[in-house]
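First chain A sits with chain B, and in the next complex the same chain sits with chain C.
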Partner chain A sequence: MRKFIDSHAAWGLLLAAGLAFPWATGNDYHLTVMSTAYIFAIATLGLNLITGYTGQLNLAHAGFMAVGAYTVGILTVDHGWTFWGALVLSGAVCVALGWFIGIVSLRLKGHYFSIFTLCVGYIMFLVIEKWESLTHGTVGIMGIPAPEPIGALAFESPLALYYLTLAFLVLAVWVMRRIVKSLLGRTFIAIRNGDELAEALGINLMRNKVLAFQLSVCYAGLAGGLYAGFVRFIGPGVAGVEHTFDMMIFMLVGGLGTVLGPLLGALAMPWLTQSLQFLQEYRFIVFGPILVALVIFLPHGVVGSFLAWQARRDAKEGKPHAQD
Partner chain B sequence: MDTLLQQILNGLTLGGIYGLVALGLTLVYGILHVPNFAHGAFYMVGAFVSFHAMNAWGWNYWVAMAASALAVAALAVASERLVFHPLRQASGIHPMIAAIGVLLFLEAAAQALWGADFQRMQTPYTAIVDLGGITAPAQRLLIIAAAFALMVALHLFLTRTTTGATIIAMAQNREGASLVGIDAHRVAMLTFAISGALAAVAATLYAPINLVYPAMGHLVITKAFVIIILGGMGSVPGAIAGGLIIGFAESFGAYYVSTDYKDIIAFVLLVVILSMRPQGLFAKRGH
Partner chain C sequence: MLKIDRLTKKFGGLAAVNGVSTTIEEGKINAIIGPNGAGKTTFFNLIAATHRPTSGTITFGGRDVTALRPDQVARLGIARTFQSTTLFDHATVLDNLIVGHRLRTRAGLWDVLRGSSLLREEERVCREKAREALDFVGLSHIAHRLAGDVTQEERKRVAFALALATDPRLMLLDEPAGGVNPEETEGLAALIRKIVRHGITVALIEHKMNMIMRLADKILVLSYGEKIAEGTPEQIRRDPTVIDAYLGSEHAEV
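Showing the complex of A and B:
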């Protein structure tokens, strides 16, 4: 079972479920909800790389998502770029910005890093809100064009957009799994487990932390760019710290430091919110205590706790310890 | 000259409020080593409780402030017992995330109880005082006087009384304090109570010249974090000095640079200072 949930078959099953979803529902509204969930799942995977794998809680993640979204918005609406060109740049802008912010913020440890990034997130929000000549201020950017057709594939209908976001999510998961299973991923985990220990192993702390940060915000930027092309309207609210908190909840519910956990969290939680429609505005009255309870009673999330339980059972039965 | 004095007055007002909020934050950090993200929500709840007591029950401003201080102190103690105490052994990001959970809950609860609208709090002190050429609303003078009186009182409490000394002892060395018979649980609860009461008083003082709404704590708490990083996490004099620095930077920045960007000034100051001194301005060593 433990082998199963991380096997190709399991991921294939998930992908099949994703592909079949439109036939199961046939409802445009559900497709839109799911596509939005996919976009946030991409960003959450990125946040999980720096927080779950490398152990640094970045509270400016939604800010980076907004930078990606505004890159696409500004370039397509004000400068006549194509969506695809702007999307590539939205990732690149975040990687570049992530380098600058990374080398400053990652010198700080633990709480200092989180507080610093919280402030960085506020700066991003306030700059987006106040710099009207560039960002259209509180009005936001309207009329962002839909992604241009690729060959015969047009991205106008909710169904086409659904498959587009799904394709990006599959790509994002595949790349993330390659990263965390590589030596680089193990390096990040070593840093999470202890700065001194990692350094003693010959790991260049700063370089690897900055790299993890850049990769993580690249995910945020691309997710933001995709969001702009999908929703076609963006306002400064995208940068709001509540979005970072939302992603943090997705990540924690599923399980920090796994690929499957944040993915499942990001896909399941929006549906939970949808089904509690009447709560929309007050959802945090329920989710706040859930977050606290999770941290106290289930700190590894659903997937993480399941894996830990499996590992304990395997150990009891004397099976060889499977690798993560 | 007048405008200069006016800006100094504004700086003192802001500095006093920020200082009070930052003091609570820094005391809790000293004891638990947790950045209490929920502190801004305590501040917001403090404002709402006073507002409610004055508007719905017609209480006097000072009685409402005292009631609000008591209520928020109780709330802070409850959150210590229910949330932070079970997590005292947890390391890294988990206590921070739990604090964010408390913050989200309190904000949503306040919105459910009092609505998302902006409210205006009345004050009995609406007069404009003329001080040899410069005019000042009485409420601002009241804020400055009350904030700094509280700071002095807190300082005396921490340095001159045994109970206060137990807080300092805990912050300096947890094991050492336990060894000499200090009850760590009691001190933690006391610290949370003080920090909650300070936040409530700061909010009630500041609300009449500002507005009351569920998200009112966001900017204040973020600035309070900037202040305690500048002043050194856990340092009481650092929090007061940091509060004044940010207060003056904002009032002068708003006047001489731009009102639109005044809220960014504190954060930019933090980014610049931390880029050069990652351990903060006054801290001797980083944590």
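Showing the complex of A and C:
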């Protein structure tokens, strides 16, 4: 089972489910909900790299997503760029901005880093809201063009956009698994376990933390850019810290520091929210206790706890197992 | 091998280490003892560059290392263990050790994204180093056990293995036998002798006097941040300053 969860077969099955999903629903609304979930899953994977794997909780993550979204919005609407060109730049802008913010904020440790980034995220929100000549202020940017067709593939219909976001998610998962399973991922994990020990093992803390931060916000930026092309309208609210908290919940529910956990969390939670829609604002009365119970009884999330249980069983049987 | 000259570290008005000069001698077991708060751990932190000294110099193998960062010092061949080792409890012991050799590898992000042959080769080397280090400390039988499930003594050995995986020339051990029973302490002492036999110099802080007196080739005694004595265990045992300041006059017969 454990082997199954981590095997290519399991990921293949997940991909097949994603490909088959439109046939199972045939409903444009469901496709839109799922596509949005895919976009936020990409951003959550990024947040998980810096938080789950490197141990630094970045609360400005939604701010970076907004930077990516506005990069696409501004370049396409005001400067006539193509969506694809702007999308590439949305990642690049975040990587560059992430370097500056990273070398300042990552000097702080633990809660201080989180509080600092909370402020950074709010400043990003304010800049977007107040800098009207650049960002159109509270009005937001309307009429963002849909992604231009690639050959015969046009991205106008919800179905085409669904497959586009799915393709990006698959790519994001593939790259992330490569990173976290490599020596580089082990370096990040060593920093999470204890920066003093990591440093004593010859790991350059600052360089590696900044790299993890940049990769993380690159995911946020690309997810934001994709979001702009998908929703075609963006406002300053994209930068709101509540989006970061949503992503944190996705990670906690699924399991911090795993690839599958945050992914499943990001895909499942929107559906749970949708299904509790009839309760309106009272749905948090249901939501809150579920979260509290989860954190108490499954502190490593659903996937995290399952993997820990499997690892322990394998260890008892003396079997080697791969770290996920 | 390691030459320390008038090393001082002040925290505010307090001198945690005050004008200490000494040498860590190659191929020997160098012990640092002293009452609680004597500045032993600060002394280690200065050597390992976790703290920058207020004044004084540290020379390692003829090179001034006073102003380097901890990771640079580690790359030059100074490894250390801590009083408590922060491992990833949900991963196996072997998995925890693989990163130990990371400092001798070069693969970066680009290699990771391409899955280059350099990366694959280096990952193989790191895994091999981890296995070697685990064999060396006598824990190959628990390679696949979870790090969170091993005993205190095994955890101490894992810490040794992690330091060994960095290919060090000098190992700084901070209370290697802390919280471990007498038989296990004997085993750890044997392991420390084995490390030295393999050409790695050892410097250690320890409170267990019996162990130190039998293990150390050379002892440095610190009290209130200052060096009060230095010499062989025999000399230290007889030194009236040490007996007075460290053990207390009532222990003079020990």
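We take it that the second predicted complex is superposed on the first by the 300 of 324 C-alpha atoms of A that agree within 3 Å, B and C clash if a C-alpha of one lies under 4 Å from a C-alpha of the other, contacts with A are read in each partner's own complex, and residues count from 1 in each chain.
Simple rule for what comes next: contacts are C-beta pairs under 8 Å (C-beta built on N, C-alpha and C of every residue); 3 or more make two chains touch, one makes a residue touch a chain.
Quick caveat, the model's predicted, so the values are computed rather than measured.
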item	value
Which superposed partner A:L108 touches (first chain B, second chain C, both, neither)	first
Contacts of A:R186 with chain B and chain C, given as first, second, both or neither	second
Which superposed partner A:I285 touches (first chain B, second chain C, both, neither)	first
First, second, both or neither for A:A311, with chain B first and chain C second	second
First (chain B), second (chain C), both or neither touched by A:H8	neither
First (chain B), second (chain C), both or neither touched by A:H79	neither
Those residues of chain A which chain B touches in one complex and chain C touches in the other	none
Contacting residues of chain B [partner chain A, same complex]	33-35, 82-83, 86-87, 90, 92-98, 100-109, 111-112, 116, 218-219, 222, 225-226, 229, 233, 260-261, 263-264, 267-268, 270-271, 274-275, 278, 286-287
Residues of chain A touching chain C in the complex	175, 178-179, 182-184, 186-187, 189-190, 192-194, 196-197, 199-205, 211, 215, 300, 307-308, 311-312, 314-315, 318-321, 323
Chain A-touching residues of chain C, taken from the complex the two chains share	48, 50, 69-71, 74-75, 79-80, 82, 85-88, 90-92, 94-95, 98-100, 102-103, 105, 107-109, 112-113, 115, 119, 122-123, 126, 143-146, 149, 162-163, 166
Contact set on chain A toward chain B in their complex	51, 55, 57, 104, 107-112, 114-116, 118-120, 122-123, 126-127, 130, 241, 245, 248, 252, 281-285, 287-292, 295-296, 299
